[in-house]
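After the structure tokens below, expect a handful of questions from me.
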Amino acid sequence: MKVAIIGGTGYGAIELIRFLYNHPYAEIEAIISHSQSGQALGTVYPHTSGVLEKPLEELVVKDLAERVEIVFFATPPAVSKDLAPQFLEHNVKCIDLSGDFRLRSPMDYQEWYGSPAADESYLEAAVYGLSEIYGEEIAGANLVANPGCYPTATLLGLLPAVQNGWIEEKSIIIDAKSGVSGAGRGTSLNTHYPEMNENLKAYKLGQHKHIPEIEQEIGKMAGHPVKITFSTHLVPMTRGIMSTIYADIAHSVSTDEMIDMYTAFYQEQPFVRIRRNGELPATREVHGSNYCDIGLHADKRTGKLTIISVIDNLVKGASGQAIQNMNLLKGWDVATGLNYLPIYP
Amino acid sequence: MKVAIIGGTGYGAIELIRFLYNHPYAEIEAIISHSQSGQALGTVYPHTSGVLEKPLEELVVKDLAERVEIVFFATPPAVSKDLAPQFLEHNVKCIDLSGDFRLRSPMDYQEWYGSPAADESYLEAAVYGLSEIYGEEIAGANLVANPGCYPTATLLGLLPAVQNGWIEEKSIIIDAKSGVSGAGRGTSLNTHYPEMNENLKAYKLGQHKHIPEIEQEIGKMAGHPVKITFSTHLVPMTRGIMSTIYADIAHSVSTDEMIDMYTAFYQEQPFVRIRRNGELPATREVHGSNYCDIGLHADKRTGKLTIISVIDNLVKGASGQAIQNMNLLKGWDVATGLNYLPIYP
Amino acid sequence: MKVAIIGGTGYGAIELIRFLYNHPYAEIEAIISHSQSGQALGTVYPHTSGVLEKPLEELVVKDLAERVEIVFFATPPAVSKDLAPQFLEHNVKCIDLSGDFRLRSPMDYQEWYGSPAADESYLEAAVYGLSEIYGEEIAGANLVANPGCYPTATLLGLLPAVQNGWIEEKSIIIDAKSGVSGAGRGTSLNTHYPEMNENLKAYKLGQHKHIPEIEQEIGKMAGHPVKITFSTHLVPMTRGIMSTIYADIAHSVSTDEMIDMYTAFYQEQPFVRIRRNGELPATREVHGSNYCDIGLHADKRTGKLTIISVIDNLVKGASGQAIQNMNLLKGWDVATGLNYLPIYP
Amino acid sequence: MKVAIIGGTGYGAIELIRFLYNHPYAEIEAIISHSQSGQALGTVYPHTSGVLEKPLEELVVKDLAERVEIVFFATPPAVSKDLAPQFLEHNVKCIDLSGDFRLRSPMDYQEWYGSPAADESYLEAAVYGLSEIYGEEIAGANLVANPGCYPTATLLGLLPAVQNGWIEEKSIIIDAKSGVSGAGRGTSLNTHYPEMNENLKAYKLGQHKHIPEIEQEIGKMAGHPVKITFSTHLVPMTRGIMSTIYADIAHSVSTDEMIDMYTAFYQEQPFVRIRRNGELPATREVHGSNYCDIGLHADKRTGKLTIISVIDNLVKGASGQAIQNMNLLKGWDVATGLNYLPIYP
């Protein structure tokens, strides 16, 4: 099966390329880059030289629609909302790594993204691509809204407890930390090496675009609207997200009971690993892989649950999950082309 | 004035030495190291070679008591609780960087440190050395219990709000992050470079020794016992602590009002800097210095206050504050020998 | 085909495990660890939990010899020299990642390793496993001495020029730099995170064990003994080796001619990539992969050639090359199970 | 004494500000920034907030010349060559941290910097500000050309051996490595955190602007023109330069003799520290300080001398040496305001 990647020079794209290069059934037909079209991929990413010789192409929708079955959008906000519908009209399925189709409510999009939302019919048709939760819906979808990096780590860590009613939703606080690759390949003073090395920065307290996405999904699972407190931090490392999640335990539940329940919840899911009591996951332990590792601690002294959920932001938080969703769309085993051990150390 | 440092080969000691080397009134008379006695400081710390030529000495209490006026303990837990009383009997003042005299309750010490507490009379006589809060008591003390690194960042960030009754104490959650130097100079797999680089680890959820210390001081300010939720994380950097603190706002208070109140609270204190609305401090911005920078965000949407408090764990979180306390003890300006800009970048 | 790994808890082993896990023809039958036998691999390396559930076994040569066809030694110096012969007697082929069989001269081994060499008959039988140079010999070998990390980067960068007589061998200077994982998983003050982060260290000038190995191979290609100047440095990163190599150009040769010659030399080799004129490889561009990337600069002003050769020390410098040698031994395509793009960023 | 800094928002400037803030005799009268004039320093560098409240000013030469005695230029290439003469005409002394007055030969400047050199009379009047070598000339100068970062580490490491005729100048090879702050505060893909973290890059082989500067000074000491081979590398750390220098030993000289000679050469110089035999300096050991630490290894086996010379590129390699030169200009002790221990760890 042939696929195309639009937005071919960002980190989302290059990570899609890494996994697709070894995928047994999918083949990269075209890599589209508006800013670098005409150049070889190896010029923009020398690490691909001599391995994957591909030109970066300018986008011509009709032409591309005839060449491929699925298009991945690894584009900045407000690009796919106009382009994806054009491909859908040509019966090309779309997996969108941007946030353009994640929020059901156009008003929420307008408020948090600062520009008009995609056409409402597409927002309704889009399936939120959290693979472990919406596997069935994704299998039948034409348009998959691949989740954000922070929401992926956070929701996989929270949803079992929410579904079981074991925590008070209104008490949820999420202290999220990300490696710097989450900011993309565009340069800025914030991500300039000497400014970010040996540094730890908080940013966008209560203002991150991923807040409505998390609230939408928790609210859906809870059956009523939920507001969360969500903070983000930049950590001096390239990859990795950790969400440290706090919530009041609704009933008296022990750490072991929590672990058993989470383990059962994800029993069929190869990429979520629940850690043993007393063992907390570190971001390095999922580095380069599609795993989400979750540690749980129910504190008797304070009645609080603390959840540690880690992913590689570029894999499970972006391109890996997009491949997983492609597998679901095509009815392949979800782990096809993703079945690798983390890289350690 | 002559001082001695006991525990001379750890990071606390070497940072004391850095500041004392340029202190206008204090002079290092002796550096005591049990494990390395007889060696030159420059053998253990080559960066001091040719600048500060000192032998590391074995401890002889009586002899040392005659040579110095103040002793700094930069020792592991359960060392100073026996040694400090011996110096106090010889009328030598003690500034203890370990946790042995921080907790008023011997039972708390036993529970969290796992060994018997110091003699209760010394626990009562000890003054908790959070310089900005207890300046007057420190001035008259013989034994100063220098605060832990996490408690310093956390308490300076929390106490103004607690004093004013602007937050619900029982809602307090502290998500703390530290550079790796906080683990000391002793080697372990956890702090082995390839394991810790490009990694982010949570550890000791709800079990850190600094919990009772923070609860003691918040409870004292609040006038009633308080339990907090406290998590710690290791960040791939050498220095720096950030405490991200969450609490329910008791009354409707804006970010600007919070900032004004905090600014007034620390008006006389040169080392606490309250940031402007919208500006959040990063650990790099206090690197190598004695500053504690605090950013505040009162979120109208959720009714939560988020406080970002950053320090250099080895300076304001240990040796810098110890010097500040020495200045208070001696009646010198608190900034004496500490009046440096952070090192940036 | 079933294989075993001896020395199962070091970085060499865990990287072998990563590649073998996805190798289409080879299967890990046993992981041997003397120090941790009885434990699960997931206890020692939590990132493998739930993916590869294997116990660490104690070594029983005869038993293991019946279960596997090839044994990989990822052991410290002076272990395999006694063990490998025992497996060879049972007709089990051995790929040794340690230095025990690399040097032909027992005296050199004694001098540089400080202990007696392996039995001379085995030294003679061993094939030096620099895959690109000795592919044919490796195909017929029973015992492969997998090259050291520094020698791999250095020799791949130097040998084409030596073979062609385009440089003066006696002028060769190698300034080598390595990530810290090269020092292994054993802890030490040198590799303690706060000591090594934001630091650059030179070590073992002219005294590194890899010197005789490099000299042996250059001398063999040159047809006469060669002495090199070789320096090593620890760089604050986990993975990656760069050898910056200097030599006097024997005849007037331009950068373009050098590049053409190198390209021809490695024409059949999928894992050596010669960079275009003006493009210098960085270690990140081979991260996690089996590639060796080489950049060349012939300086007209000074008559010197500078060669930049980079590898991932744990892959092409150890475990990846070991897999490549297994492929050669078995007559499989050399790239089997190694055919991955570097991980970027 | 009042001074001004021109180019006030780069790393050179902020490091000048750090040292001048504590200098006992000098005072910062004005900080000039063309790009950010009108803003507060604390807006551009939040770590100075509340400590040093200064507006960034637009440059008005005549006005500034009346307010200050010395001007520091921390400007990009080709700025000071026009501005410094204007200040000199007003009898304001200039210390130029850029390369505009370092090369005696206008043709060399044109060739390596790609733009016309400063007026030749000023090139002749300028004193090369390598403090340890030209202390007397600097004392009487009006215009000091502060050395480049790489030349400082390299020349301090090489000049004693050159002066004594103990090495063959034509054999000199310098493998230099720098932290990323050497590239300045301007952003680029090269210095984008995810590209530079966990990476090691060679750049500008044989083409760096610092080559003619090093050759000029070695040639001057040797008494005849010298050509060197010089390579530069970016290391994933913020600060620090290491020059690993190779040369053929002219006569049979041991490491101990080398060390004695170097120690004697720098006997009067507080900021150069010669390490003991067997001890090699690491960049961390001079971090944040004005020291240059030098290790020596004369290899009997190969007849080569290896010199390891380390500095903090922003201190001894830029702003620290500029302060040292100001001290020389004014006849103050050279260590005034620079007399600090390195920051470790």
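Chains: A, B, C and D, in written order; residue numbering restarts at 1 for each.
Here is the rule we go by: a residue touches a chain if its C-beta (ideal position, glycine included) is under 8 Å from a C-beta of that chain, and two chains touch if they have at least 3 such contacts.
The UniProt protein names, listed by chain, are A, B, C, D = N-acetyl-gamma-glutamyl-phosphate reductase.
Just so it is clear, the structure is predicted and the values come from calculations on it, not from any experiment.
Colleague: Please identify each chain that touches chain A as well as chain D.
Modeller: B, C
Colleague: Would you identify the chain whose Cα-based centre sits farthest away from the centre of chain A?
Modeller: Following the centroid criterion, the farthest chain would be D.
Colleague: So using the touch definition from the top, which pair is joined by more C-beta contacts, A-C or C-D?
Modeller: Per the contact counts, C-D leads.
Colleague: Per the centroid of Cα atoms for each chain, what is the distance between chain B and chain C, given in Å?
Modeller: So the centroids are 46 Å from each other.
Colleague: So, what's the distance in Å between the C-alpha centres of chain C and chain A?
Modeller: Comparing mean C-alpha positions, chain C is 36 Å from chain A.
Colleague: How many Å are there between the centre of chain C and the centre of chain D, using C-alpha atoms for each centre?
Modeller: 39
Colleague: Mark out which residues of chain D touch at least two other chains, giving numbers and ranges.
Modeller: In chain D, 11, 179, 181, 194-195, 197-198, 236-239, 281-282, 284, 287, 345 touch at least two other chains.
Colleague: Give the list of chain B residues in touch with chain A in this complex.
Modeller: Its residues touching chain A are 173, 175, 177, 179, 194-195, 197-203, 205-206, 227-229, 231, 233, 235-240, 242, 244, 246, 280-284, 287, 295, 297, 299, 301-302, 304, 306, 308, 310, 345.
Colleague: Applying the document's contact rule, which stretches of chain D touch chain B when the two form their complex?
Modeller: Interface residues on chain D, with respect to chain B: 11, 14, 17-18, 21-22, 45-52, 181, 197-198, 238-239, 273, 275, 279, 281-282, 284-289, 339-345.
Colleague: Would you mind writing out the residues of chain D in touch with chain A in their complex?
Modeller: 11, 179-181, 183, 185, 187-189, 191-198, 236-238
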